[in-house]
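In what comes next, subunit A is part of two complexes: it sits with subunit B in the first one and with subunit C in the second one.
Then we have the complex of A and B:
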């Protein structure tokens, strides 16, 4: 045996059974918590400063134009806006750490409560849209890559291009007009019909905040069916955009992988072509695809303001936008914080998925 | 020489480019029995393309033509893909250049070897395991059990190439095409991998097509040498008689080799003449 045969120090045994296994996990967890804290702090600082710098007066938004100077000052003091900025910031961070995001001026409910209502709606919509995007986008991208330059590829690319170039609100309106207005196949805007809304409020236990899941868990099948009829259009529209993006990226990653030598090696072995494509090449294309899928999911979770507006979907995007127009800064800050936290969590998710798909990342 | 296993006549590989068709291989003819044939030539001479054309692995826009391309009496071009797959891997196999690229990075070695067995029959799990371990032992991997669960990036280059050889020979093919099997390896392990390959080929009585740019390597390793230049075979010669090569291109290749203990004068530049294009 020559020196080159001595296993390299990063060989499998050490990587898998080494004593460094547990501390490595803990090191990663600690790193995650640390980066979470730093990122959220930075996010808070920036959002806080922007909120204080914009020429919007939250006090005026509360007391109205006709308030006297004394009333104005009293409100300003009550909201704590008379104190120096650093003091305000420290106080705000202290509140956030204890889980208090303040009270919304618009809804006069605690912001945490508002978010607890709005976020599941966004989560539900974004998750469904991403599932649609992945289920359609990946096969479409693979088929496009395998048939590069032939008609299936052209069709998929045109469909994808339409998804890229059509404004989402327009597509949403057209979809509503056709499938709700003309054909009556789906339900209209909102999460539920008014009648079902009552049943939902009274009979369905809130477990997850997702109307679909909660109603199914409670066995309220009328509500469940109605919720599905409502979600299908916005999820379809967002899913279409997600599909357009995912299929395009899948196609380009697959073209790259199909040119690799291991693909030829698999063919040399006599592996059937479907297996070469869907197991060998796609297995490797999944590595960069994970980032694409997670990022697209994160983008949808930010709350697609336009879609939520067109479909009157009471999600986070709609909530933050309305709060912004009302100079309701507690709500804006709280919402931004949730989105930031979401991004970090999704980053962690993509790290975990990486290690599952790519042995080199372990 | 026994009856030829592989018979090639007037093999061409053509790529349609925007500037008209380009012929990478221009009418190559040779026979291979259960012997070791070397194909040498500089890069772009069409030697790799010849190997891939035999296996039916030239992808569009490449086109393969031949007046005869038979393996064990079966005409290969035009064979349905399903039947071609029973030959590919099962009866003709290929070892490729660089194990870093030719092994699937997200599959364990065990799964990749098992796959070669599975696509050509329905062996039991125990059988797959036994044959994989035996094969890894045959390519002199010390700890086959461990290597079976390893991923390609966890192997050194020499080990990776031995895994590649194991994966391609586990189905007991009759003809092996080795396409620059040691060019990507460290000099220290090149000879060792070659010895393993040579040993397996001899013991199993396989035919071997050894594709390389290294004339000296090929001459020590093969019975016969085909010298390719710009898509054609310009000379065919017994390896032992290589020093008597007639063709100026072959002589040029030989003169380019540095010699230990030789003088310090600059090596001659390889001469190329258009007149040889149709040799």
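Then we have the complex of A and C:
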């Protein structure tokens, strides 16, 4: 017997001879993979059905109005639309799995390629917004919880509540009106000014797809400054919504922690109050907070649809809405699929992170 | 003492007695107590007042509006608030913005009401059936719920509207399709707490069918949780609907819808700020109202979920 076995003689045995014969961690991982597969399958089914419900005839869009019946039938057969729906669905799943989302009518490029171009812009925006939300939201929530019922708490709650009640596209427009139109502090819509766009196309090597990171890596500081001036408003607007959510959850988790006995024990021991709050209590509140942050990140990917429209930000959201108005369904459904899959994976990731960080949840 | 039995009690006495004589009286007392707690909360009352104003505005829109909401006046385009009796100015076609906001309340209320009578009912049925029946029914229904719950709401609504065609009704349908899973979860959780209780067993022994147990004995127990959830969700529903309207997928012109009004005002944002900003204030106010009321309702009706 090893020392560890003597200390905890039942631990390893139970893991080895568990009810199913599999260690629990493996079982859990299998469960996660299974639910991921089922949910992604459901997403595929929904996008497939939506594509079939569309009142537009995809065959007609290809052959045109003047095609003869024979031409129409031939095209229909070539597109595989004459086969039974389950067969079509299996083919659709096969296409998606191999990365083929069809061709976009709007850009006449494969949808996969369009999405690959647009995605870094969305990712850049959502990441910056999450950073803003975390940097402001967690301290705000802690301060609110420590001052529960007093004026700092009320101010933070009202700011958060407004965030919950505001249309994101409206806040974007108001921010543009004030900071771009009236004060001229920031740049307007888009990712870069037209002149800087030119420099960016010519001089900056694409390494990550993020204009900010790429221009900094290439030392193109004019482009870098311009990109920052453009990103600050949309990232700030999305960051505000992220902050509203994170500060509210932080506050409630902190209130729960501050009422626990270990906090009293630490205070009695003479631990300084700032350490009790920011190290002991916040350390434990961070466990559920991690899942909140991941969920808010997923929410921002979705919220980007409206924000990108307002700020003409060339990301996935703008791509979907533009495709929508061009009746470009391959692009719409491809974009929906990608954002949906990201959303589902992040949701699941928050579950997994929770079990990793919190030993009680294992 | 005998006096108290002969004279009928006043309404207040009837509502505050410890010994209710009928189920109706007990229910009334519970509602009265909830109302007393709620009405002492100033923010909740503010929220309620906002919603009442919204309802009144929608009901009496033709009398409140100062102008015909769709009447164009191309010589009086884009005038600032206060210009010649136009309280909030005019838009790009010279239509009175105040009147359009007032009539827009009807659209908002229509969307909210339609979602509120479809999604929660469907969710309630799925949740209670899954919870009561258990077994495979439960597993299949909840797996479906999980799938829909994992979808991004706005994106899915966008795809639905894209397929069905733009319009208010389709927007409502899309929102309802993405809103029901949350209610199913809540209803199932409530069902699981009551389904093993004695009164259900008693009803079953008396020969009540599963249908009767679900509708008569389980659903009423889930109602208050679902109502709280609906109130809290209303703000999100309004924002999603406005977002669809802003993208041009909700109400179609010339109908006055707040999100669509912001969308048209966008072109004139830097030169004529009021066209886009004023409808946004209306949306903000109404969803704030629902959030305030929902928070307080949750504290009153569902003390377990209260975050203090």
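As a working rule, the second predicted complex is superposed on the first by the 275 of 362 C-alpha atoms of A that agree within 3 Å, B and C clash if a C-alpha of one lies under 4 Å from a C-alpha of the other, contacts with A are read in each partner's own complex, and residues count from 1 in each chain.
Just so we're on the same page, a contact is a pair of C-beta atoms (placed from the backbone, for glycine too) under 8 Å apart; a residue touches a chain by one contact, two chains touch by 3 or more.
Source: prediction; values computed, not measured.
Contacts of A:93 after superposition: neither subunit B nor subunit C is touched. Of the two partner chains placed around the shared chain by superposition, subunit B is the only one that A:260 touches, whereas subunit C remains out of contact. Using the contact criterion defined above for the overlaid structures, shared-chain residue A:320 touches subunit C, although it does not reach subunit B.
Using the contact criterion defined above for the overlaid structures, shared-chain residue A:79 touches neither subunit B nor subunit C, since it reaches no partner. Judged by the touch definition given at the top, the superposed model places A:358 against subunit B, while subunit C stays out of reach. In the superposition on chain A, A:268 makes contact with subunit B only, while subunit C stays out of contact range. Contact with subunit B, but none with subunit C, is seen for A:287 once the two complexes are overlaid on the shared chain. Between subunit B and subunit C, the partner in contact with more residues of subunit A is C.
Of all residues in subunit A, only 1-5, 7-8, 10-13, 15, 260-262, 264-273, 275, 280, 283-284, 287, 357-360 touch subunit B in the complex they form. By the touch criterion given at the top, residues 52, 55, 57, 81, 85-90, 93-94, 96-98, 101-108, 115-116, 119-120, 142, 146, 149-151, 153-154, 156-159, 164, 167-168, 171, 186, 188-189, 192 of subunit B touch subunit A in their complex. Across the interface of their complex, subunit C is touched by residues 35, 38-39, 42-43, 46-47, 50-51, 53-55, 148, 161-162, 164-171, 173-174, 176-177, 180-181, 252, 255, 298, 301-303, 305-306, 309-310, 320-321, 324-325, 329, 332-333, 336, 339-340, 343-344, 347 of subunit A.
On subunit C, the positions that touch subunit A within their shared complex are 143-144, 146-148, 150-156, 158-160, 162-165, 235, 239, 242-243, 246-249, 259, 262, 266, 269-270, 273, 276-277, 280, 283-284, 287-288, 291-292, 307-308.
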